[in-house]
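One chain, chain A, appears in both complexes that follow, with chain B as partner in the first and chain C in the second.
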Partner chain A sequence: MSAGVCSLVTLRCVSGLRCLKAAVSQRAVHTCPAALGITNLPAGRHTIPDSRAQVETSTAEWHYVERLFPLKSIPKPTVAPGEVTPSGWVAPSAKPGDHPYFVRRSPSHMIPVYLHHIPHISKYRTFVSHVEGDVFALLEELREYLQDRKHTRILNMRAHEPHQKIEIKGQYVAEVREFLLERGF
Partner chain B sequence: MASQGTEKALALLRRLPRVSLGNLKPNPGAVKSARRGRGIYGGKTHGAGSKGSGQRQNFMRLGFETGNTPFYLRFPYQNYYKGHHMRLSYAPLCMGKLQRMIDTSRLRTDVPVDITQLSATQLFSINPMEKMGGIMLKDEGIDHFQATLNLEVQWATEAVITSVERNGGTITVAYYDPISLQAALNPMAFFKRGVAIPRRMLPPQNLIDYYSDPKNRGYLADPTEVARERFVLAQKYGYELPDIRSSPNQEMLLERKDPRQIFYGLQPGWVVNLEDKVILKPTDPELLEHYAS
Partner chain C sequence: MAGALSLAWGVTAHRPALLRQVLRSFSVTAVRNQETGAAVAAASIDSRKSPLILDEKFPDSNSIVVPREAWIETLDTSAASTQVGLIHLHPQVFGANPRLDLIHENVTWQKKFRMVNYAHTKVRSEVRGGGKKPWPQKGLGRARHGSIRSPLWRGGGVTHGPRAYTTHFYMLPFSKRLQGLTATLSAKFAQDDLKIVESLDMPSDEAGYLEQLCENRRWGISVLFVDDSDIMPRNITLASDTLRHMNLMPVYGLNVHSMLKHETLVLTVAAVRRIEERILYHFRRPDLPKENMKRFRM
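After this line comes the complex of A and B, so read on.
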């Protein structure tokens, strides 16, 4: 048993010595620099000359900067109510009280009729938002209008009073927009 | 007394807010958290089956065809991907929508309309880091485009050029390198950084022909040739070219940027100080030479 341990120790000693020998061995070491001529080159100027910091100030061109200021909010259109613009956009002419309901424009002055589409089940729903006042009156009028225009037997539509919305199953964006435009919204 | 109390209660009711999203909430106990069903309401696997993708959600990679050579590897090359690493994408803008932006006062018409003015409307999302090059004009709605504009966009077709010039406007297509484009898209954020306005780079090799062509109204084309092409296009489509020199807003219509300039009236190398409302211009001749066109 003890002989076995001894032999192990000696082996370890031998391997350690070998390592030591390798470390102390006299081998040729490269001592010359990577680039021989680098010391002959002029020293690099890493300071920025003072003349770079010299500037002249001017306010003459400030109106060009003012032109770049973005607007803080969406501007109000200057078009008269009911006037049809070249793009087809019409400024709202209806006032609250003209109808039992009132549909206000979206913040960007567009008619709030939207199409929701779920592609993978091919589901289309049309939404009218911002319906203030009697939502159900608008629902009935819209139902009549769509039935005359589209001749559909089934019109699946409902009013969400707390959400101030009307939901119609199907794609009726153009018809509903036309309906709201006719009433001046 | 009782009637007074009732009236008070009714008055209070009238003043109370209507039922709306703001004051609606479900009844106590109405909302139940989803529970994992047992037995016939789910079973041990809950629809995920046993073994495989269903159970482990380690779905096959996109395009893998379970042993077939996938479609995307079946053919040696697809020509429509040629040079895809160089191509830029552009945010589309229809002429009809441009007219609507003007009608609803979203866009100023008393100053030249460039990428900065268009992006200030916040109606576009342009990200130069995603290899977007700016805005391209689409010909939808050219029939009712009536505005007289000095337009500068990054891509335009012949139909679009016709519709702009027929109304007495001018159009230029100009290239912005990603750094200049980022500065042009949000100049306020750029000025707040307190760095000098960069020099706009020239277009890359694959775009230099497009931006030097007077037919495209390129910003590198010779102005006399552009004027000739304006006349040629008017002859081709049979409309009378309005004379810009006699127009009341001639100055605005003829305002042009230098190919190295990003903002109208502001030279590369200048620093805009928004706090003190001054512009700092370098005087060092080396810097002036560096930023010179």
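After this line comes the complex of A and C, so read on.
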């Protein structure tokens, strides 16, 4: 390739453009399906050396290229509902309508229970998001469950219906996750 | 068309000023053929007896919210029925919670990020004069002052006043912009202010036709038509050209402010599917947190 370019350059230097045209035969723009858009380019006059005139179009290995594309979404594991995978991830088994409420999984298919921590005042809050349907029913069931499990006198929790969230004061991530897994979410 | 052609040759020989008008009539007639083609297609939709039922189930939604149902209408008033079909809308896009806080944040952002404040005041160093000490420090029994342009003086400089070219630019987090769109679309749909049409093809290019159509269907004064493509059909472009309260917009220009500004939002079926595809892609993309962390690109 580089030798060819060098020879072309020397040709141009020695005898000018006319000689260059003689050396490289003018041929039509290559119109295989992949190069259709080349006609839209501003400089439409391309010369392709005869040695490179033969172009083969192959799509056999395209799936190797596709593997390199970034994922458009996180693929859902193909396991049966309720099945526990070796990593500990449980596939959701609840269907809309099983309970008056429904908790959607996050886009990464995890249970949407999060801990908010403000370090300098040592404040912990537990959030359940993506709660659809009757948020207050979930709040009452969760309150009973946590009181049985933790034997706490005061459970400071509230339901935020417009934001589809439940907020609990304190660190209850593990307990809330267990509760939601029991319900099949 | 041949008659128009001969007439055009006869007239343009004497009055070149009419040439533009004649050419315009040419282009309209040329496009009318296409539009009649569209009308023929619409007629075939009428004649095929089976309405357009796009009842997708959206099994990926995994939500308690069922798919929203909407009529598909047509802008052709000569059709046998206004409604030509039924469409299911994705619950995550058109059945989301109407988050008024996010809608408000989006509207505020859209107003502010393009705002530049030009109010300007001069500080004491910029006001003319004031270099000399007005009177000696001691011995006169008067208050001590070093400059007549001090902020304490009448005609003096202003402390902490507005300074020109104060931008109010900021970027709302990407997720909030995204949820603002779904919240507004869902609120518009719940209030019956969102209409779905088959396409924006109309048989007439007159403004009165469009106004009468919107009035008959109780669409209100201001209507926003959204299509997937940004090359709109010629008739609706001509008809809405002089009506400043009826606007056309491609899907990529859809925004919360415009949706709230217009009383009715009219989407084509292609626009609906494109909006769903784009919004769901952004909801599910794995690098959404990264997009949120990114401040903005210049």
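Note that in this section the second predicted complex is superposed on the first by the 118 of 185 C-alpha atoms of A that agree within 3 Å, B and C clash if a C-alpha of one lies under 4 Å from a C-alpha of the other, contacts with A are read in each partner's own complex, and residues count from 1 in each chain.
Going forward, contacts are C-beta pairs under 8 Å (C-beta built on N, C-alpha and C of every residue); 3 or more make two chains touch, one makes a residue touch a chain.
What you see is a predicted model, and the numbers here were worked out from it, not measured in a lab.
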Touched partner set for A:P86, first chain B, second chain C, both or neither: first
Partner chain(s) touched by A:G133 [first = chain B, second = chain C, both, neither]: second
First, second, both or neither for A:I154, with chain B first and chain C second: neither
First (chain B), second (chain C), both or neither touched by A:F102: second
Chain A residues touched - chain C or chain B, whichever exceeds: B
Partner chain(s) touched by A:I121 [first = chain B, second = chain C, both, neither]: neither
Partner chain(s) touched by A:L68 [first = chain B, second = chain C, both, neither]: first
Overlap of chain C and chain B interfaces on chain A (superposed complexes): 70-71, 74, 108, 162-164
Residue numbers on chain A that touch chain C, as the complex places them: 70-74, 92, 96-97, 101-102, 104-105, 107-108, 132-133, 162-164
Footprint of chain A on chain C - complex, ascending: 62-65, 97-101, 281, 283-288
In the complex, chain A residues that touch chain B: 49, 51-52, 54-59, 61-65, 67-71, 74-79, 85-89, 108-109, 161-164
Residues of chain B that touch chain A when the two form their complex: 19-21, 24, 96-97, 99-100, 102-106, 111, 116, 120, 122, 141, 144-147, 187-188, 191, 263-266, 271-272, 274, 277-284, 286-287
